[in-house]
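Several structures are given next for inspection.
Same chain, two partners: chain A is paired with chain B first, then with chain C.
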Partner chain A sequence: MAVLATNSNTQAAARRVNIWDTPWLNAKFVTGSSIIVLVLLFGLLGPLFWNTDLAFTASSPVNLPPMWDKGGSPEHPLGTESNGRDMLAQLVVGIPASLKVGLLAASIGMGIGILLGSLAGYLGGWTDHIIRTITDSVITIPSLMVLISIAAYVRMPDTTAMALILALFAWPGPTRLIRSQVLTLRERGFVRMALLSNVPALEIMLFEMVPNMLPWLAASLTGGISGAILGATGLEALGLGPTRVPSLGTIINYALNSSALVRGMVWWWLPPIITLVIIFTAFFLMTVGLDEIANPRLRGYGNGK
Partner chain B sequence: MKPLFRLPITLLLVASFVSACAPQPAAPPAATQPTEAPKAAEATQPAEATAEPAAANPMDYLNAPREDTLIIDQPYKLETFDNWNPYTPGNAFGWGMSEIGMDDLMYLNYGDGKYIMWMAEAVESNDDATVWTLHLRKGITWNDGVPFTADDIVFTINMQIKNDKLSNHFYWAEWLDKVEKVDDYTVKYTLKKPNVRFSAERISGGVGVFPDIFVPKHIWETVEDPTTFKNYDPAKGLPLGTGAYILAKVTTNETILVRNDNWWGAKTGFAKLPEPKKVVFSYVGTEEVRTQTAIDNGFDSMQDITVGALQAILTQNPKWEAWFKDKPYAVPDPCARIISFNSLKQPWDDKDMRKMMSLVMDRQQIVDIAYEGSTTLAAYFWPAYSSMKPYSDLVDKETYESFLQPNLAAAEEILKAKGYVKGAKYWAKDGKDLAIEIQVPEDFIELIRVGDVYVEQLQKFGINASESKLGSVFYDNSANGNYEAQSNWFACGSVNEPWTTLNTFAGEAAPIGQRPKGPPIDNAFRWSNKQYTDLVAQIGVTKLDDPKLMELTKQALAILYDELPAIPSAQSRKIVPFNYTYWTGWPTSENYYIFPCNWCHLFTVAMTKITKAQK
Partner chain C sequence: MEQPIISVQDATKIYGGGFLSTSKPFVALDRFSLDIYESQAKIVTIAGESGSGKTTLANLVLGFILPSSGKIMYKGQDVSTMTREQRRIYRKEVQAIFQDPYEVYNPFYRVSHIFNMVVRHFNLAQNKNEAQQLIEDALNVVGLRGSEILEKYPHQLSGGQRQRIMVARAYMLRPRLIVADEPVSAVDASLRAMILDIMLKLRDRHHISFLYITHDLSTAYQISDKMYVLFQGTTVERGNAGKIIENPRHPYVQELIDSIPVPDPKMKWNTNITLPPEEVMRMKSSVGCRFYPRCAKHMDICTRAFPEYTQVEEDHEVACYLYQ
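Presenting the complex of A and B:
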């Protein structure tokens, strides 16, 4: 009994060590995801602590500086802008709105990418030719130009419409990536075994191959989210976003239209830009981290933890 | 540690992405920074400053130095650069040609209510105002040297009458029986019915009315289809005008006009040859960029800007001045702002619903937020000018005062009576939330801000209001009736008499999908009231000194304020600062010789008054 107990203790200790010895504890990945979690918490928990109605036009006094500046008020700690919106409330509402656009657009893109990429890579032949040709063609289209044209004509009551428009160009990247991965996986033993066992093609794709591509998919998704947020912010900053609900790009658009820069209203234009820089950096770190998790060769000395 | 090195690079990359996706605010395009090119040009034109001989070729002025150049800010993009046909929709005429490339017969000065005779020497009518005679000044020429005569006027009007796709067709079709040339300098208009305001509507370059732009008969008589003719070929001198400036160059965001030293006005001694040799109409981007460009002396005259932008300019460049040197800075604009409803679309076909929309509107808040206090509270469809006061006072006092503050309880009563029930967020009927989409022209910041505030007021009250910013389709939607509500200025017209604004609501409502049969934006409201239309028709034939005019106007106003096809949203104001670095003599509140709009025909008058600033 004593021996057995010692053995199980040793195994438990070894297991504990193994828990920490995992590529998922990649420093970049952990840093990036922690930042995103913090940003998300700010947006999700913010409404519990701050009145989000103040994010709308005419809800507060106009042009108040932040509370630490002369003339500022603790009722509006980050100040207000020319349309009578509270800056803190705008950030609380705007951050999740921007993240939502990114997540939605990238997820749709990824969904289409998984389907088309798997079909092309697995089935090959004409299917591959057709999908590859379309994908390669769409990739060459300068998407921002097309998006600006589309966004100018589509009425956008909320951010969902914006996400759908962005998704139009969010799928070719993942499609290409997944196709190439499927091409290599197709030749692996476990896939061949599944084939011999007469497992249906769709099942092989979704249940054998996709789980093996998870780190790549995740890296592609985080990259996609950040790309979609960039696209959305660009459109919004140009004034093509939804008008009522603030997002980070819309705040920038209003600041630009109201000459916030030359009026010296730093508290208006700087917070959304800083937030965007933080978000982009975090997603970039996550993408690089996930890439290293998926591909051990990228983990250099002193890296990869 | 590699990651530590990578992080700053990452941040830099990300920052550059972010900055790449936002418009660059600080650097105006090279074309509007004329400080470099002119220096070289100065050297090539040494004689200019002293002798001022006429330029052999006006195109030489394309190289005019900065101090001889006038740069005018344009807040909108140039969408169709190659259509300079003034009678077709979406043309580029407002990029310089209608402002300084053409002359009007006469101009109205809102300051004293008097007319400035320009190409016309005199206009007179017979006793019942059915026959009008126009006497032209002698010596007017087109910029290619061909004389401008009665033939050009008769040709232009007949062309419009023959073609219902040209913009003034319906006006002429309604009013004009025939137009004849008496001699080269005399035109006789015979009207179908009396019109005491004919000269104000058709002959003067007032605002809201659409003064005629005449075309050269010797060019247009060979044109097969005037509705598709682009009127654009700078090599052949098209578009051809009579004004002191000729269109020389058009780029994506700029038009350049150069002075014609042989302009008829100067040659005949009627007016001074304008001093600027080159005039640039330039779009540089958002207000942020426009403001920075102004601070850097990249503009001499700006179109409407926000109070904040003006304050930034005044603090950083003391050479700029607005209409008033201090608050309220702005000049009252002749076009009052309104929210117009499409009276053919449910539920806005119901006057009570439109009234409810007015009851929710907090106009003082619009003044405070959207205008940042730079305009005054009033609820008229026309400007609250002192010249309009006798007519404004005809609105029933109690009715008028009910417009000055919101009355949410009364609005709720109306909705309840109509069967609406307040849900968690919105009023609803038959399970459907009450919603409205308000269209605004994109880039028209003032109207967008009015829309923003109003949408929030409606949302708070329980109407699911939204705002759509639209490009040129905004105007198509207005003409074709594809809207529920718009934030616009389409009741614009009256400045010193009531008929012009009242008339914008008169007539038949064109079906959705068809343009209204009237001057370009008349009755865009799809509202039709026979009693009102008849009253307006009577006002149209009543002379201004006839006491009957007041009674008729009062009755028409009573119907208008009861039916509310549109609701007054704000008295507009224009903050139009001028830069005194290179040019002086701009119109101001103390020197009110012409309304200071660089976007309308009246600017021709200002051009002959401004002078070079003494260094």
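Presenting the complex of A and C:
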């Protein structure tokens, strides 16, 4: 009994140490995801502390500088712009809106990618040929040009429509990635074991293959999100996004239209740009971190964590 | 006449050389035939060097790949045209153990996953207790206990444990045939004996046949009843395992048996093999004996056609013009 007790004690100790010895504690990944969590919290908790109605036209006095500048007021700490919108309120509303577009577009792209990539990789043959040819063709299309033409024709009522349009070009990357992963996994011993255990193909895909692709999927998703945000911001800055709901790109669009640059209204155009840079950096760090988690060879010596 | 459980009929597998393909067709397995009967459980060895087509044969029998020509029949039913229910029974009765006992575990799951899959998809048990009992019984056959291993992850087990678990998994289905693709090549000597012992036990007590695929003639000699020696996809000698190893006839098999190292430091290992360019004789277009470029006794006739099988003694056939 005593032997058993000490045995389980050492096991428990080993487990306690091992919790921290995981590739998921990658410095880049942790930094990136922490920043995203902070940005998200700003957007999610912001409405509790700040009146989001101030994000709409004529809700505040116009052209107020931030509170630390001469003429600023603590009622509008980041200032207001020429249409009478409060900058802080616009950021509180705009950040989640932009993240939502990115997440939605990337998730749809990922979903299509998982479906097509798995079919191509698992079935092979003609299915593979057809899917691969279409995917490779779509990848070569300059997407921003097509997106601009589409967005110019479709009047977008909200961010969801925006996300759907962006998803049109968000699936070829994930499709190729997943196809190649499925191709290698298909030859693995545990997939053969599942075949021998009479496991149906769909279940093999979902429960044997997908768990082993998680780091790749996550890296591809974070990359996809920042790509979609970039696309959405580009369209919005050109004035092709939904105009009613403020988002980071829309703020930039208004600033450009109202010549904020030449009028020296730094507080108008700089905050959305800084926020975007923070978001892109964070997603980039997450993607690179996840890549290192998925490919141990990239971790290098000594900084395995 | 009894229906064989597995009947390989003139199976040929050719890789590459398809429409629009730039690679030349490569013959992995050439007109291989084999019958395994249910009534008399046997260990049938498929022996040969790397690239001789052993694993291709295993994949064919397991239905992972389809033959380019010829047929694989399971109880008279072609494996490539099975219904879902027929396939389920075939999967239950024809199981496998693989060479690498780590690869076959999904690193994501605990060891119990491998048993749960089997229980669930073959409806082996009505409830949890019954399943538990089945798993425990199967593990006992290979000398393991469920409480020791089921809740662990595969990397926490030794290679020998992992391979024994795979044997237990296959046994749990009470198959009629287990395809063992180099099951002892990746485990150390003491475990090798143990796993071979389990195989003999399964044959004698549970009447399970084995298709034992190996490059190691000494283990083949110890446990197998029948033997097929492959060379570059062709069967060069077949018959009783003991007879072939004690009295090899084909020049290739003679060379192979001469090259088994003897555990005696005073014995000098003086087999001297010169290898011709690897795949000279391997392409689809080539006819004749594939051993020709390496053979010390080759004759002109050898390149004309593949030799017929000649019976040199009871239950011992060889494909070589020297005996015709």
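In this text, the second predicted complex is superposed on the first by the 296 of 305 C-alpha atoms of A that agree within 3 Å, B and C clash if a C-alpha of one lies under 4 Å from a C-alpha of the other, contacts with A are read in each partner's own complex, and residues count from 1 in each chain.
In this section, a residue touches a chain if its C-beta (ideal position, glycine included) is under 8 Å from a C-beta of that chain, and two chains touch if they have at least 3 such contacts.
Please read all numbers here as calculations on a predicted model, not as lab measurements.
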For this session: Kindly say whether there is room for both chain B and chain C on chain A in the superposition, answering fit or clash.
Result: fit
Exercise. Between chain B (first) and chain C (second), which does A:Glu208 come into contact with in this model arrangement: first, second, both, or neither?
Worked result: second
For this session: Tell me which partner A:Gly84 touches in the superposition: chain B (first), chain C (second), both or neither.
Result: first
Exercise. Just chain B (first), just chain C (second), both, or neither: which does A:Arg192 touch?
Worked result: second
For this session: Report for A:Leu256: first if it touches chain B alone, second if chain C alone, otherwise both or neither.
Result: first
Exercise. Which holds for A:Ala237: it touches chain B only (first), chain C only (second), both, or neither?
Worked result: first
For this session: Quote the smallest CA-to-CA distance from chain B to chain C in the superposed model, rounded to whole Å.
Result: 30
Seminar exercise, completed: Per the touch rule, the chain A residues reaching chain B in their complex are 27-28, 56-59, 62-63, 82-84, 152-153, 155, 157, 230, 233-234, 237-239, 243-244, 252, 255-265, 273, 276-277, 280-281, 284-285, 288, 300, 302-303
For this session: Note which residues of chain A are touching chain C in the complex, please.
Result: 188-190, 192-199, 208, 211-212
Exercise. Which residues of chain B touch chain A in the complex?
Worked result: 1-3, 6-7, 10-11, 13-15, 17-18, 21-23, 25-26, 286-288, 291-292, 295, 305-306, 308-309, 311-313, 316, 365, 368-370, 372, 437, 442-443, 445, 448-449, 451-453, 455-457, 459, 466-469, 471, 473
Exercise. Mind pulling up the chain C residues that touch chain A in the complex?
Worked result: 62, 64, 87-88, 91-92, 95-96, 98, 100, 102-108, 114, 117-118, 121-122
